[in-house]
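I'd like to ask some things about the structure below.
Labels run A, B, C, D, E, F, G and H following the written order; every chain starts at residue 1.
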Amino acid sequence: MENKIAELFARIEAGELSADEALNLIKKNEMIGDDYFIDRHRKQRLGFDEIIFGMSKTVDQIAKITDKYKQEKLDFICTGLDDRKIDILKKRYPEFEFIPKAGIMKNISSVPPKIKGKAAIITAGTSDAKVAHETGEILNCLGVNCEKFIDIGVAGIHRIFHFKKEIAESNVLIVIAGMEGALPTVIGGIFAQPVVAVPASVGYGVSAGGYSALLSMLSSCAGGITVVNIDNGFGAAMAAFRILKSGQVEK
Amino acid sequence: MENKIAELFARIEAGELSADEALNLIKKNEMIGDDYFIDRHRKQRLGFDEIIFGMSKTVDQIAKITDKYKQEKLDFICTGLDDRKIDILKKRYPEFEFIPKAGIMKNISSVPPKIKGKAAIITAGTSDAKVAHETGEILNCLGVNCEKFIDIGVAGIHRIFHFKKEIAESNVLIVIAGMEGALPTVIGGIFAQPVVAVPASVGYGVSAGGYSALLSMLSSCAGGITVVNIDNGFGAAMAAFRILKSGQVEK
Amino acid sequence: MENKIAELFARIEAGELSADEALNLIKKNEMIGDDYFIDRHRKQRLGFDEIIFGMSKTVDQIAKITDKYKQEKLDFICTGLDDRKIDILKKRYPEFEFIPKAGIMKNISSVPPKIKGKAAIITAGTSDAKVAHETGEILNCLGVNCEKFIDIGVAGIHRIFHFKKEIAESNVLIVIAGMEGALPTVIGGIFAQPVVAVPASVGYGVSAGGYSALLSMLSSCAGGITVVNIDNGFGAAMAAFRILKSGQVEK
Amino acid sequence: MENKIAELFARIEAGELSADEALNLIKKNEMIGDDYFIDRHRKQRLGFDEIIFGMSKTVDQIAKITDKYKQEKLDFICTGLDDRKIDILKKRYPEFEFIPKAGIMKNISSVPPKIKGKAAIITAGTSDAKVAHETGEILNCLGVNCEKFIDIGVAGIHRIFHFKKEIAESNVLIVIAGMEGALPTVIGGIFAQPVVAVPASVGYGVSAGGYSALLSMLSSCAGGITVVNIDNGFGAAMAAFRILKSGQVEK
Amino acid sequence: MENKIAELFARIEAGELSADEALNLIKKNEMIGDDYFIDRHRKQRLGFDEIIFGMSKTVDQIAKITDKYKQEKLDFICTGLDDRKIDILKKRYPEFEFIPKAGIMKNISSVPPKIKGKAAIITAGTSDAKVAHETGEILNCLGVNCEKFIDIGVAGIHRIFHFKKEIAESNVLIVIAGMEGALPTVIGGIFAQPVVAVPASVGYGVSAGGYSALLSMLSSCAGGITVVNIDNGFGAAMAAFRILKSGQVEK
Amino acid sequence: MENKIAELFARIEAGELSADEALNLIKKNEMIGDDYFIDRHRKQRLGFDEIIFGMSKTVDQIAKITDKYKQEKLDFICTGLDDRKIDILKKRYPEFEFIPKAGIMKNISSVPPKIKGKAAIITAGTSDAKVAHETGEILNCLGVNCEKFIDIGVAGIHRIFHFKKEIAESNVLIVIAGMEGALPTVIGGIFAQPVVAVPASVGYGVSAGGYSALLSMLSSCAGGITVVNIDNGFGAAMAAFRILKSGQVEK
Amino acid sequence: MENKIAELFARIEAGELSADEALNLIKKNEMIGDDYFIDRHRKQRLGFDEIIFGMSKTVDQIAKITDKYKQEKLDFICTGLDDRKIDILKKRYPEFEFIPKAGIMKNISSVPPKIKGKAAIITAGTSDAKVAHETGEILNCLGVNCEKFIDIGVAGIHRIFHFKKEIAESNVLIVIAGMEGALPTVIGGIFAQPVVAVPASVGYGVSAGGYSALLSMLSSCAGGITVVNIDNGFGAAMAAFRILKSGQVEK
Amino acid sequence: MENKIAELFARIEAGELSADEALNLIKKNEMIGDDYFIDRHRKQRLGFDEIIFGMSKTVDQIAKITDKYKQEKLDFICTGLDDRKIDILKKRYPEFEFIPKAGIMKNISSVPPKIKGKAAIITAGTSDAKVAHETGEILNCLGVNCEKFIDIGVAGIHRIFHFKKEIAESNVLIVIAGMEGALPTVIGGIFAQPVVAVPASVGYGVSAGGYSALLSMLSSCAGGITVVNIDNGFGAAMAAFRILKSGQVEK
């Protein structure tokens, strides 16, 4: 917003705008619907289009937002959808793309600018695959190239070494694990890249909900591992995006 | 006790004992002090001498019990002693043996019967050493042969492979780790022996108190790992003792 | 894997293999499907066939893995299945065996090598029976002989004594209890064998989810009790298997 | 208070009192100090004298209250005192009685009316003794006869049977245990009397602070066990007092 | 069991029984079904008939147990049944009595011996009524006279005073409350009888599951309140039964 | 009640009433149904009509209470209703008003006295809207004027500044947020009015259930923010009502 | 800050300021020290002077800040000081005022503008007094008139009624309680004013740290109670200040 | 290690080495002390020298490790030291450098290779400074340029805008906050760079230990924020190091 203010300062100084007009300009430019406020400067500020978090919204709320985007011909991606919501939305919006195994509905017309570098998405087990698919989809939307390595967890530690070369060539490592969540620690001890650890809500008893994986990752004895919320594939993708974009900045 | 009852049944039947005499015999044989009850059948029942848990007892309570054992010339080992308690007890009982780095005071005159097999005590870091030393001392008292492998944790996973041969020759593996507690999972994925995992109260933030290590070990994706309480070197030693003794039973 | 590497070292030294061929050999030999990675060395490393954890996998994922095993004529056991999943899978794989009260689907053609010794599976109540049945099934697949003692919990402590002789003849005791989880402590105070305690998610209020039983078992005043995750019948069976196999090793 | 109001209604009706005088009478009769409010009707309402909870009060606050009681020649008992507070208070009030092993200071001149019946105080270990001593002292002040059975916990379950007869003759059983807290469950399964379970803050790791014992007691599979706060010897004594007094009521 | 053993001692001594016969007698007398163990001495030991906890049992398990009781013409009460289970069981056992609002199925032919004294069941709100009804039903089965006072919680504290006389005439007070659980504290400050507090799983957010009520009751500043598990109407009834029976013992 | 007692004192003194009549008057005036106790003095004491908390009541219990209110022609509002309950109640009471997006059923005939001042209801996201709607409805029933600002959370902090003027003109700010719950802190740092923060149960992983938002709000570094239970729109409305009414009192 | 921006807009428009000058003005006006940033607009924005939270700062950090305030002759109040810090600071700043029982150091030269209305500070016990004193001191600094009612908790509920008139005349009620934290619920059921509940870290076992009081207050069945962090006397004072100031606004 | 193995494969193939010699080479090259295992390949693997975590080690253990490094003339940095440990170590190693405000002892002779890019270290308050200083020291040792912005937290949100330009020029943002931990969310909503959030153990009540800040950061509604353990300045520095190094890789 500061950029905007600086620009408005300049325009008022130049006599192009009154103070009141300046304030109104801000308000109008970022219209508000009934229950929703479109953040039109996010792309400019943070570099990515609207990503709607569908998990805690009702189908009605999602539809209202989607209608707006559709009407304004804006790209979007909606995450965190369960099968029931996808079924309803599919009927309503047959023109959108749906990826059920990733819990995603999207409508992207423009090709995102290609981000340099590559992300590796590594999971400990088969059960973590949904988070991996969500992460991969979002990375694609953000213009990030990525590769997946599924089911190479710690119980059979030799599986990691199979892909050592491929992993070593990635610029950021997203590591997803449930249960005891040991995989990011092992990966972080072998590889020097940034590691974004994602606890998965896989398991039962004390593992239920992903808490033991979360604590394990935060406690990791391998230095420099960072963690996002449980099942937060979106957050991991965004973190990788931030990291790769940062690497392109002239330093 | 059932054995005893069976024996008493037999003796009453044989007319050697009246019913009343039988009941009194039980009571007398297991005398009680003021605040303490000596379990004289434990060795017969479970195969080990008295091990006094000193952590939650006052020095006065420990001394009262110790005096009794001393007077009756009974062997004992007292665990969970901090430096302050050791200092006081050392002055009072110069004839006893003290191992401060293991938090132990003991008075053992008899050589325990040798248990077949060997235990490996493996720790993730230097900070876990105290628990390892306690475990080792108790195993010695129980007649169990053991070897220690300190500071070979997961952050540098190649360190495990250095000792692969030695570990593979042990019959039971006691694995101690704090922080994210990943070591038992990795060990359990490589080796086929029984693994007794001990969470250590090493770390800060979410690792503080050993809870993340505990949860990680209980959640382990490597099948068949069992866990004892945090810092419970005594429990791990007893479990190894139970396992090794069980292996000697004719099957 | 080290064994393999040692063997490959030897073969390269012998000129049978180039370094590159050695690396490729490892990769090929452990093929990967789309979402799943078959660990072909597990049996050699740890001594047991594939056990698939079905609880956190979708029916589709289970089916994909199962198809692979079926096609390759490999034995497997799949655990943690609820009634809904069993119904679907039963229709798809009428040739497999289903044990709903244990939550298990399996396809085992070979007879496992008999493990020496015997395991006792003891439960506190009727409600813990499902975990006991799962444990028993897996032990059978692993070649372990076992006997069940259901509903002999602490509230009527005399029930334990009825089976004292049978329990005393087992080489490892798996004790399953929900609610206050006191049974392993009592068992561990009477019997000298290894005790593997399994908290059951039986109860309501503070017992809900099995946490009070878990804490109770970890806190046990009876030395040498070890614990696995809540409802983890698989883990308990594997631990017993490790213990009994360890007892057969020449010491 | 209602009793009082009823009486005042009657007196106003009888013309002995104006409405305003009635309200003032209530206020005066229950004078307030600076930081403390003496509850002069408690004995009449609940049947016991003032018991001051000293744990969360500063020595200064305790002294201010004590001075008041001393000056008015009122009996009191002050609980929850650590060694430091006892040392300071002992110097200031040499005329009072101090029981350090129970954490108690008291000044009781009158003999309490004897309550019918007897309470048994049973502890699992030596470490629980302090709570037992506090409980015993308060019961004495309340006129309740009691007997202590220390260190007869579950790990050696036969110890309970030694005192079966004595325990069976008590009218209420106060059972104190730390660690896994199994003793009240076992006691409750054998004996038919009211059981008041007291978790003790004995133990380390998951037992620390008495939480596993608390959960275990609340989860007990033995019907009708009731629980008080951790280390709450005062509460247990009061509960026993309420129970025994209730038994004396004509029914 | 000790009684039994004492009796057997005597009979062996008298030559009526051999030692072996004595052991067999115990086993036979307490037959075991497949998944269930009937505790035939409970009534003698603790004074009440079988109460089956139906919540964590499957309908099949309940039916198996019920069939046994039916066939042996034994009285029973089964608690913790939800509407689905009641519907199924009602069809199968039309001859039994069902009380859905209490979650209970029962088959009681004999009139229980009348226990002297009276219990008051007090709830804070309408939502706690189910627990109150369960408690009341069980008390009836145990021969205890009781009266209910529903929805007189702390938010309108004058409601308690309406029933002061009736409550004061009861010998034990069972107080059920969810949310902040303050009612037992207020009741315990006004009345001198034993108070058994039952946290109810009423509420949302931090009250969800009854935990804040539980902690509140355990923390109560009113001395001598005892607590049972959340929603544990059965436990509260049993505690009241123990208390009232204890009051009848000759002291 | 005290007011009442004072009045009754006066009337007895005046000879208009006997003491007994006074006591009966209290009882009669606050009739009790079977499971429910109408608090007829609440409006007089606290200034608002009956608000029934429908979440933890069964439809039957709600209907019984509603029938009573209908029959006595009393206003009420019933909150916390999910879609299933609303469907059933709508059929039964077509004459009542239902607001599903707020979870509310109501029957209000009288216009509440207008409270001076205005409340702002501010939410961080679209997902928090249900709580906002409940809050708004209750405020209307209480005669409080309010305005809603939906979806202006911290991730795009400039959105707050758009409504700075409108927010600044409100007398009390109700701020609803899930996830990390940062919005009340930011609001409280900018505006000087009373802030009532409502954690919303929006989010997954560590945010699930609203706990991270709750802790965040209680920990706020912005002084003077107060917090109500998770999703407690009712409580927030009542707090605002108390605050605005207090402002009208002559000081 | 917006006010400032609006003003700057106007001044730029008026030609008094260039855009660059405007930006620099903001930065300069809010100078920064080494480790500390004085918020010079807080009084203007929120209406109160600097209150330094001393609990988590070292004595050195406090001294650095204090020196700055002293040198600039600015008023301040520093809270959360323990006895050790107060001793050190007293020697260094003999000219400041210290209130150890409230944990406060302050240097206030100007008389704050009188806020209309009155706050009542009510505590459940003697042990909560420190929080009450802190609250009172801060209210004084903020120009708020207040009265304290100490030790009138729920265990003797009649004590509240003694002060009914005085409490009823206050405009906002700050209610401090540890243990089971029931007092705010009872107060909130009797009085119609805003209630700010403060959990106190008084108690042991499950009450330790103030958590049971916190949950109890958040769960309160009395509508419209709001809560601040445990022991947060500062927050309660600030909330009362916000409320009373809001009441003075022209509506 | 794989690199090493690949190299050894090649050398064996080339006939330079026998298979046995290859295995021994690995073991020797990574000598082990008594309680400590130097990881000589870490720098090669991960790019940084040894960083010793001093918090959970005794002074004796630290000294033993330090002696080894000193004797071998190796650089090291030891973190997590409290004042007591620093005092003892200072006397023993006067030649080392100590930074008490960062809890660090170090001995670095070589200048680290300069890493491109810059890190910003931002804290919410003065109390978070220690973590910031630790982070800064480690970054320096790793060759990373960094700048600190202390005490610019959310309660006065305008303070962030003062440094907008400087922050915008950094390539990675380390944001440290205790209490409600809202700062990373706000920063992440304004700036597009990678954000590494560090919860600080600042606060009391529910903030104590840094848990509310941790949960808040993991729950952040601003996409792509990653989190490390509470007070984990070391982890944050390592994460920034990984990110900046990754940015230099040719992509």
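To be clear about the criterion, a contact is a pair of C-beta atoms (placed from the backbone, for glycine too) under 8 Å apart; a residue touches a chain by one contact, two chains touch by 3 or more.
Here the structure is a predicted model, which means the values were calculated and not measured.
One rotation lays the C-alpha atoms of chain A on chain G, and its angle is 180 degrees to the nearest 5. Averaging C-alpha coordinates per chain and comparing to chain G, the farthest chain turns out to be C. Of the two interfaces, F-H and B-D, the higher number of touching C-beta pairs belongs to F-H. Between the Cα centres of chain D and chain F there is a gap of 40 Å.
Rounded to whole angstrom units, the spacing between the C-alpha centres of chain A and chain H is 26.
Centroids built from CA atoms put chain D at 57 Å from chain A. Each of residues 125, 155-157, 161, 189-190, 203, 205-207, 214, 218-219, 223, 229 in chain F touches at least two other chains. Every residue of chain G that touches chain D in the complex is listed here, in rising order: 125-127, 129, 150-152, 155-159, 161-162, 178, 202-208. Interface of chain C with chain D (complex): residues 124-125, 153-157, 179-182, 185-186, 188-190, 203, 205-207, 211-213, 215-223.
On chain H, the positions that touch chain A within their shared complex are 2, 45-48, 51, 116-118, 161, 164, 171-172, 189-196, 214, 218-219, 223-229, 234-235, 237-239, 241-243, 245-249, 251.
Here chain A touches chain F in the complex through residues 1, 26-27, 30, 32, 34-37, 39, 41-42, 53, 55-57, 61, 65, 80, 199, 201, 209-210, 214, 229-232, going by the rule given at the top.
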